[in-house]
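Each of the two complexes below includes subunit A, the first together with subunit B, the second together with subunit C.
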Partner chain A sequence: MILQRLDTIRKIEVVIIVALAIVLLIVPHVAGTATVTMVSRIMIFAVFAMSYDILRGYVGVIHLGYALFIGGGAYFVGILFTQFGVGIPMLLLAVVGTSVYSAIWALIVGKISGKSGMIATAMITMAFAEIMRSLMTSWFTVTRGADGLPFRVPPPFNDRTMMFYASFIFMVIMAFLLYKFTKSPTGRVWQAVRENEQRAIFLGYNTNRARTIALLVASVVGGLSGVMFGLLNRFVNTDLLDMQMTINAMLYSLIGGTGTLFGAILGSALVVYFQNLLLDLRGVHFIFERWLLFIGALYIVVVMFMPRGIMGFYYDWKDKRAQKKRLLQEAKLPPQLNDEA
Partner chain B sequence: MSLLKVSGLVSYIGLFTILHGIDMEIQPGEAVAILGRNGAGKTTFLRTVMGLVKTRSGTIEYKGQSLVGKPPHKVSKMGIGYCPEDYGVFNELSIEENLILAKHKNDAATAERIAYVLDLFPDLKKAFKRPARTLSGGQRQMLSVGRSLVNSPPLILIDEPSKGLAPVVIEKMSLALKEIARNSTILLVEQNFHMALIVTDRYYIIDEGKTVHNGLMKDLENDKELQHKHLGL
Partner chain C sequence: MANILTLLFNGISEGALYFLMASSLSIILGLMGVVNFAHGALFVWGAYVFRMVFIQTGSFFFGIMAAMVAGFVIGFIFEKLFVSRVYGNVGAQIMITLGLSIVFTELIRVFWGPTPLIVTRPEFLAGVSHIQLGGVGTVIISHYRLFLIIVGVVIAILGHLLLTKTRIGMTIRAGVQSGEMVSALGININLYFTLVFAAGGALAGLGGALFAPLSQSINPEIGNMFQLDAFIVVVIGGMGSFMGSAVGSLFIAIMIALIGWYVPALSSVAPVTIMALVLIFRPQGLFSLLGLLRQAVKK
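And now, the complex of A and B:
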């Protein structure tokens, strides 16, 4: 009934989304542990990339220390589980702690971005992540430094299938909440800030406040993805606070489509899958050891042919199609009606 | 009490002083044109009122309250609508979203104002859900002006609404502005003398950052020498 009211493209979209959801739900029952873990990782990275897209794609903040959040969340879980015991109460404490930790960083960055330019903010945030990485490395008695911290996780998260479904639910809930946020009045202000901050100011908006709200939302969600990543990996080390993690988030959202939110899901799926595929091909030829070369090539191809990313390309195509349809309809109208149209 | 009173206004951008002494007084309900040659300081004047350009000396009072040093978003919240010369619409948002974004309140009166804007500019109603980037220059200008009306601001600053528009669209826009001027106070910066003549009753001429002349539009219409001297007509 609902499908009948939708146009063809919308129907195809709904069918694809439903089909993908069904495929995802049966993955743990038909695929091996490696695939299940890879897909779980994709879903968690998708949330991390979506939260990054809120910053880069919606308010135009370049946060080069975004690894602070995924790393911070994972460290919260790891430290609490190893120091105070494994259990759901500790997990809830990790969630609360990560949220507070992320919010504090968001407020600090919000203050800085309001006063300094975007380039200064990018540089300062990069320094923050490096400071945190250095702290985690030095705090050896608790974090085991660069060696990393292995830990056990409580049931049901210790089961790969359950962890997969937890990641799926986490991704769906976060995607829904972030989507709702982008469509809310605050989300519209974010888009206005991204497009032209001065114009948003003319309309009476305090753009610094809007940017800080975006930072808060993105950072907390980014931190929670860190908690999930910790639960999935059962291990955390300082690589999670490395600049590479920020670049990954940037890459996922760029390839999927900056400012499209759901593009980040596509981007992370494509890059993580491609990365795994290349690693599997190492035995075939030594060139595949250098998998970053191929990821770089993928990035160049996407930027050259789809500057707005895959989803951006798709939305542009839909826009052009709708415009063509409109023009054809107008051309079919009798001249006197056509004037009004 | 004047709605807007500007005295001895001097403003600057970086090392350069742009306005050297602007004096102006606008009464509620008036439609006033700011005329002058290119580079005279007309746009800078509007930007100074909005708080986008820094004031070195002089006063700007709106409803008796000083605007000097106030951030632009506060000036806007105080009830001054601004249509910049580059239209200032958000290309990726639809017309509907652009209008909603402008709302300061979520009440019935604001909803009525949006309906009024759509009645005033039927072109916007037809393309209501379309992204602003798909609109023509004229439609963007309509959206820009329409958006400034959403909160029913007591004063609307409009910067060169005729810029880059086809003559037939300028005509349409002039009539719409005339209609708006019946219920609002308008300060219109315009190079197109014909449009200023239709919309406004009074004028100020700015030259080299100073107000050099003011009077009634009907007098300026007949004063060819003044038109030639200050407007190059």
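And now, the complex of A and C:
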């Protein structure tokens, strides 16, 4: 069922996606700076959440240290720019460094998750992010800890509109790459691992290898989204390595729909907008100062009552429709007759 | 030398706190297969409720009791309303307890504010003894830390007796082995799930209440800190093992105390590195080695 669904993209969906993309491209010419920055942030977080969905939704690894990647990428940019000067070569170095750093974490986590299962992986990854955060806090001379590290970024990224387009291109490329990955033979094995690892092993697949590849792909893409986030924010502090960032990624992909990849884009848009809304309500009542309370409550509600998210609903509906159509065709009856029966 | 003895003493007393957190986490994990990521939130609630009652009534004992009751009640609510709905779905369990931990930590900030609060030690435990040891120097013994060690030992003995000598304990141990078999024998395993989860909450609350006067300052972040260390202890001690978590707590606490003194730069990295190594090379836990040895001797 799930495998079929990925193959069939209907024309109307293509039209909607292209229309949305065009609307997005107009945004920087009609909206204020705050909106442009918010939409850029949504697009970068969308990539972060999509890469998370590869792990949680496709291969079934719960990585609670995902902040390692967005924080790591941003720190690479920040530290290289402040220590060795601002420029495109340094940016390229940051991209390479982040990829290597993310890949190393992916290999370590892959080793552990292959040996000890989902629960232990969740526990250790949480601890990894915490180590990284305490390291960055104690490396105060360079990172300035929780106070944070402001830095300048090279052109063209110092222009808000150009940064917006850069984020857009980044999102499109990464979404395309990740989509291709999920459709590749390895991507099919990921789903087999998630559904029933033992069966996948019996069928002769090397599930550890498939999981490690998923971790590598997701971690590197997550790290690159950190590089982009650093360029957008021009500031990095230890909050980016906080558990909160991991929870955000989980929430975006969960609300959009676990295992649907593009759902993460939708989820990121909704949640970031909701967060901004709550922050604006701070003046109304002090309780909105604690916006995290609402995000946490939303998160619990979604896990309990909407485990498949928005895209999940949509796909279910689409499946049902397709099934109905097929049944009708098989029965070779005009639809109204069938409905009466 | 005296320095090392003081460090060991401090380590053991903090080990008692780790033990309160880790033993309950471990039993919950063993029995229900649930990692309670909200255990730290229960710990913080214990600390704040203790402080409130301690200041209001002036009684240390009432404060401790109130913290345990709070932990029990919140643990009960967690299990009944949330966790019980997602048994068998590991992913959903992890996420739902994470969500609960966020919400309940934020509630602390709503009720008591985000800034650290000061807690005083009760007068009868506030003292410090300097013990002169011939030749090695002076060992500093804080009375409160001594009290922590006593509480830890008492809880360990009571817990061990409860688990090995009573019918309830027998059912719980049987449930750790095979929950399905237990319920097939006509025992309401769900009731045990709720009780164990709530009792685990009470132990976490007790941990928080005992921690508050030790550090003399509490903030909403302390729960997460202790939870991480408790995870490390659970992994090292073997998931689901009560006595394993006792040994693991001592090991980790003493290690953190010694490394924190001699190589402070490594104090946060070392325990997690050990956890990672144990997960890669001995996923069943370091101290299940003891169990294996004992079995070999019996044979």
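Here are a few things to note about the model shown:
Everything below uses one rule, namely that the second predicted complex is superposed on the first by the 299 of 341 C-alpha atoms of A that agree within 3 Å, B and C clash if a C-alpha of one lies under 4 Å from a C-alpha of the other, contacts with A are read in each partner's own complex, and residues count from 1 in each chain.
Just so it is clear, a contact is a pair of C-beta atoms (placed from the backbone, for glycine too) under 8 Å apart; a residue touches a chain by one contact, two chains touch by 3 or more.
What you are looking at is a predicted structure, and each value in this text was computed from that prediction instead of being measured.
By the touch criterion defined above, A:Gln191 lies against subunit B but remains apart from subunit C after alignment on the C-alpha atoms of chain A. Shared-chain residue A:Ala331: touches no atom of subunit B or subunit C.
Of the two partner chains placed by superposition, only subunit C is touched by A:Ser134; subunit B is not. Of the two partner chains placed by superposition, only subunit B is touched by A:Tyr205; subunit C is not. Legend: residue contacts after superposition of the two complexes on their common chain; A:Asp319 is shown touching subunit B, with no touch to subunit C.
Judged by the number of subunit A residues each one touches, C leads among subunit B and subunit C.
Touch criterion not met for A:Ile26: it reaches neither subunit B nor subunit C.
On subunit A, the surface touched by subunit B in one complex and the surface touched by subunit C in the other have no residue in common.
Taken together, the subunit A residues at the contact with subunit B in this complex read 185, 188-189, 191-192, 195-196, 198-207, 259, 319, 323, 340-341. Against subunit A, in their complex, subunit C makes its touches with residues 29, 33, 35, 37, 82, 85-86, 90-92, 94-96, 98-100, 102-103, 106-107, 109-110, 224, 228, 231-232, 234-235, 239, 265, 268-269, 272, 275-276, 279-280, 283. Of all the residues in subunit A, the ones that touch subunit C in their complex are 56, 60, 62, 64, 108, 111-112, 115-120, 122-124, 126-128, 130-131, 134-135, 138, 243, 247, 250, 254, 287, 290, 292-293, 295-297, 299-300, 303-304, 307. Subunit B meets subunit A in the complex at residues 50, 52, 71-74, 76-77, 82, 84, 88-93, 97, 100-102, 104, 126, 131, 134, 147, 151.
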